[in-house]
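Next up: the structures, one after another.
Two complexes are shown next, each including chain A; its partner changes from chain B in the first to chain C in the second.
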Partner chain A sequence: MEQITGTMLAVLGAALAAGWSASGSAIGIGIAGESGAGVMTEDPGKFGLVLLLQALPGTQGIYGLLTAFFAIMKVGLLGGEPVAVSLWQGLGILFACLPVAIGEYTSGIAQGKTSAASIQMIAKRPEEMGKAIIMPAMVETYAVLSLLMSIILLNSIKI
Partner chain B sequence: MAVLPVKKVSITVHRSVEEEVFGKVQAFGRCEVVPLVSQGDVSHAAARLAEVDDTLADVRFALRFLEPHFSGGGGGLALLFGDKPQVTLPGLAQMSHNLGLPRIVQDLREKERRLNEIRTEKSLGVSVQNVLQHLEGFPYPLVLLTEGTARVQGIFGTVACGNMDEAKRLLSSALQPMGEIFPFIPKDPKEKEGHIALIFPREQYRSVEELLAGVGFSRTELPGVLGDTVEEEQRRFSARAVELAAQEEALISATRDLAARWVPDLRHTLDYLSVVRDRRSTLLQGMRTEQVLMISLWCPAPEVPRLQKVLEPFSQEIDVALADPEEGETPPTVFQNSLWAGPFEPLTKLFGVPEYGAIDPTALMAPFFVLFFGMCFGDGGYGIITGGIAFYLFKKYRMTGDARGYVLMIMAGSVSTILYGALTGSWFGDMIDAFPFLHVFQPLKNSVTIMDPVKDPMTVLKVSLALGVVQIFFGLFVALYDNVRKGSYMAAFSDQGGWLVFLTGLILLGGGASGALPAEGMAIYQGVAALGALILFLTQGREKEGIFRKALSGALSIYSVSSYLGDVLSYSRLLALGMASAAVGMIVNMLAGLISDVPYVGWLLGAVLFVGGHLFSIAVNVLGAFIHSLRLQYVEFFSKFYGAGGRIFSPLRYDTKFVAIVDREPEGAQIIS
Partner chain C sequence: MPTPERYGYATARIRAMERRFVDQGVLQRMLDAEDLSSALKVLGETAYAPWLAEMKNERDFDRPISSEMFHCYEEVRQFVPDPEMGQLLRITYDFHNIKVILKSMLRHRRGQSRRWDLLTNLASRETDDLLAAMESEDYRLLPYGLSGVMEECLSVWEQTQDIVEVEKRLDAQLFRALGELAKATAFPGVLRWFRARVDAENIRNLLRLRRAGEEGVKISEFLHEGGNVSLERLVDLGSEPVESWSRVLHYADVAPYLAEMGEQGSSEAMLVMLEKALDDYISGMLAPFSYTPFAPENVLRFLWSKEIETKNVRIVLVSKTSGLDRDMVRKVLRRV
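Then we have the complex of A and B:
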């Protein structure tokens, strides 16, 4: 029973990591997309630039997916035999997933807003594309740091 | 490392050869005109400019009209990469001259006018047909409603459906027995308005008008051309609509043929005229007297001798004076980078051009950028793919400008990616380990693998942070060098020296505490850190007034250590992104492996998932790798020593969109007719 609980806690961690990250990216890309559609009504030729900026908050979802895979691989649910996971180990994996679950959700939304603002910027000044990309990338730093912490924590849990 | 020095070249030229001289300067293409509000009598030069502006307007009109109908090979990708057909200026001039532009433009204006007429008539026809629809069933010729006869007059308009019965009643009692009323009640019950047509004796017009005003009637003017019966008119307008559509189609098809015939030539003419326009507008930016024109140019110092050679044939008509930039002038920034660093200039331009005389960070940043790109992209297989694509594009197109720089950057980054992928054993994720038939490569792969970010992230994290320390220290050294170069010894000693000593002390302390350095040296480490802190405490408040403020600023400055810590931690993204590439690749392989167990079609699904998944991973990760390695340069590295604030050199040259102007016709090239 305890082993099943441990495994299930790990699964919960993976689910939170993937689910919240995907939500953050979805909201972020949605916000950027609304702004992009507005800009393209004026100038459909900016599709390429707009799409690039809109895609930026998409990485959070990937980081979440990555963490979720790491978590379930750790307990042997993917491509291998399930391993015995104690309650404490399972809880540890759940906690380790939290930086990603929280950080990716929030940063996805924040990055989406910055992307939307950047899209407005290139509507007026397409030559400033470089700066427009760097600003949302500043937000992504914290998505990367969350991922890093989750991976280090997952790595430090010995099973 | 530094930008090129420039000279101010003042040219005084006799007006008889001014256009010729600046034509040569434009062909030379390495001189920027110093803008000057034109002085003296410029009417002749202004007229010459207006002349080319008029022709340019014609060409732009022709292109605006024809381009929507042009489907010929614009060489989209080639143009994007700056690969343009090569022509000589005389060849281009000859072509433009022989083009017969006035005739083409006249023809096109005529076509445009005709198209507009057709479209106006078409829309008029549609609105008349709409009106006629409401009159279906009116038995008399419509002339009764439009003009009337000597004694009878007609009127047509709309009435709200609710008032229709009231209107009918009032009118029939008023007109009896001399008039006729034709109410047209709409078939669709949702329609709110019905139509009504009346004919009545002319003398009753006033009373009818009053009656109609009472029921909210609003008159619809019928076009005067309507004379026959409704059916007849409908037939006539339908036939006309078909005729107009055919005419429009024929005109558009003719325009399409014209577009195919003229658009390429017109585009080249546009380029030619832009070149002429640039030259002539230059002639307005100088001082004029009756006989001479004086214009100043910025020219990179090493190229001045070449400029003088270019101007040699005019030694009788011109006078050239050289000077260094004076205080208060803002000379343009000319990059001076070796062959290997040149392609990275677009990245510096993206951030902002260095000020004249300041340090150009391009060459300092380039090696770090390439290294970090490799670490963030992090997979040998992906590096081969992107490097291959970049190499193919580079070979296929004769690239110029920033596009060439970006492609070369991707190529360099791909090489670094392949090397980093080899060191970390990542080839399309863990492809070699994941698929049994590739196990033969395992020994080869493992022989060069020294670390694995997925299995042992801590080692790679340490390497990443260490690289961060290296780059930040390097940035501080550059700033120190810059201050020494400028003679700001105090700033060099305190702002950079203080931090270098203090940070070194902290690193030594950290090393001692973690056991990486001998613990016996702790006293020395502490001493170094304390010395650094003391320098900062004593110097960072030097701009402030009063001993107290100086001390406070000095003490507070030490807190900036947290920003250095943040900067170093920021380099952890090198691990995170590299690991993300490797791990996404690994997941793709795992899913492909799982799905290939499906009976019969599994291998196919697996192959599709493998290819699609890795392509997706490449697309996402190459973007991330580029942006994040760039960000480390801009935010962490540039902040230590670089301020941008310059103005890019924009010389008078052949600035063209569709052709590249060369000195000599390339061998075997066709002369554009």
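Then we have the complex of A and C:
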């Protein structure tokens, strides 16, 4: 029973990492997409620039998926034999997934807003594309830090 | 209640539409042009180009200017989430049309011709609907709470035959309706804009009434509630020289713009410069919203800027027809 609970806690951590990160990315891409559609209605020629900026908040979903893979591989649910996971080990995996779940959700939305603002910027000043990409890319730093912390924590749990 | 989050598409599209503005460089070239024909050629390089073909002759430049403004209003109306945002500026034209129809009806009673040529298509309501409601005397069909006011206006006209008294009541209703529209949007910037608009109108009325030799109670009848400056202070201001208005109103946002006017030789020049100062005041109040990417107030800022742009284009073209001094025209061009 304790082993099943431990495994289930690890699965919960993986689900939170993938689900919240994907939600953050979806909201962020949605926000940037609204702005992108507004700009392209007036100037369809900016599709390439808009697509690049709209895609930026999508990375959070990938980081969440990556962490979820790590978590379920750790308990042997993805390839190999299922391993015995104690309650405390399962809880540890759940906690290790939280930085990604929370960090990617929040940064996905924040990056979406910044990308949307950058899309508005290139609508008026297309020559400032470089600066327009740098601003949402700054938000990416904290998405990467969340991923890094989750991976370090997952690696530190010995099963 | 409307939320700013819904303006992601609208504000981005507005930002892209801002590239179509006639910039200062083009205005300068128009101003430096030899004659009206050359100035219109420069205007042909801008967003006004498609409408220039509508002109019946060179002096008919009001037509393309109105067409461009109408096109802009209609375009914004189609994608703005709250219809009130588009109506905030068009309501003035609705009331203009009501005044034209009412005056035409009164002229017709005296055996004079109607002046339908003065009607504008920039209003938010169909002119035919307004006309039908007025001619059938079914005032319940009139928008913006005009049903009650219209009967009062006609009654005043019957008693006094004074068109200024009639216009006073219509203007009061215009600002009541504008205040209700601004409150319906529930955006703080729109409410601030409304207060600034009331202040500007009150100050403008104040100068006009002073020129007409009015004072005290008579002045207060023409002022509107809801501005940043109290009516009592404005009535007191009526007895002060115009040059000291910025000092008396030092606490208000309008003061720096009034101070920029400086001293003018004649009361006509003073009125012209005051009009510019008040337009710049409202533009300056809306300008900071351009730094907030999703602020719904950007829609209002865009439409206001477009109105100011058409005003500048009109000033330049009129100066070409009447041969006004370029430096003088430069002074009265509004900031966009």
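Here is the rule we go by: the second predicted complex is superposed on the first by the 159 of 159 C-alpha atoms of A that agree within 3 Å, B and C clash if a C-alpha of one lies under 4 Å from a C-alpha of the other, contacts with A are read in each partner's own complex, and residues count from 1 in each chain.
Criterion: a residue touches a chain if its C-beta (ideal position, glycine included) is under 8 Å from a C-beta of that chain, and two chains touch if they have at least 3 such contacts.
None of the values given here were measured: they were computed from a predicted structure.
After superposition onto chain A, the partners chain B and chain C occupy separate space and fit alongside each other.
The superposition of the two structures on chain A yields an angle of 50 degrees at the Cα centre of chain A, opening toward chain B and chain C, reported in steps of 10. In the superposed model, A:Ile159 makes contact with neither chain B nor chain C. When the two structures are aligned on the shared chain, A:Val39 is found in touch with chain C, with no touch to chain B.
By the touch criterion stated above, A:Leu12 is placed in contact with neither chain B nor chain C.
Touch criterion not met for A:Leu51: it reaches neither chain B nor chain C. Touch criterion not met for A:Ile102: it reaches neither chain B nor chain C.
Once chain A of one complex is fitted onto chain A of the other, the partner contacts of A:Ile119 are limited to chain C, with no touch recorded for chain B. Once the two complexes are laid over each other on the shared chain, residue contacts for A:Tyr63 go to chain B alone; chain C is not touched. Judged by the number of chain A residues each one touches, B leads among chain B and chain C.
Contacts of A:Leu87 after superposition on the shared chain: neither chain B nor chain C is touched. Closest C-alpha contact of chain B with chain C, superposed model: 8 Å.
Overlap of the chain B and chain C contact sets on chain A: empty, with no shared residue.
Interface residues of chain A, counted against chain C in their complex, comprise 31, 34-39, 41-43, 113, 116-117, 119-120, 123-124.
Interface residues of chain B facing chain A in the complex, by the touch rule stated above, are 347, 350-351, 457-458, 461, 569-570, 572-573, 575-577, 579-580, 583-584, 587, 590, 593-594, 620, 623-624, 627-628, 630-631, 634-635.
On chain A, the positions that touch chain B within their shared complex are 52, 55-56, 58-59, 62-63, 65-66, 69-70, 78-79, 130-131, 133-134, 137-138, 140-141, 144-145, 147-148, 151-152, 155. Interface of chain C with chain A (complex): residues 8-19, 79, 293-294.
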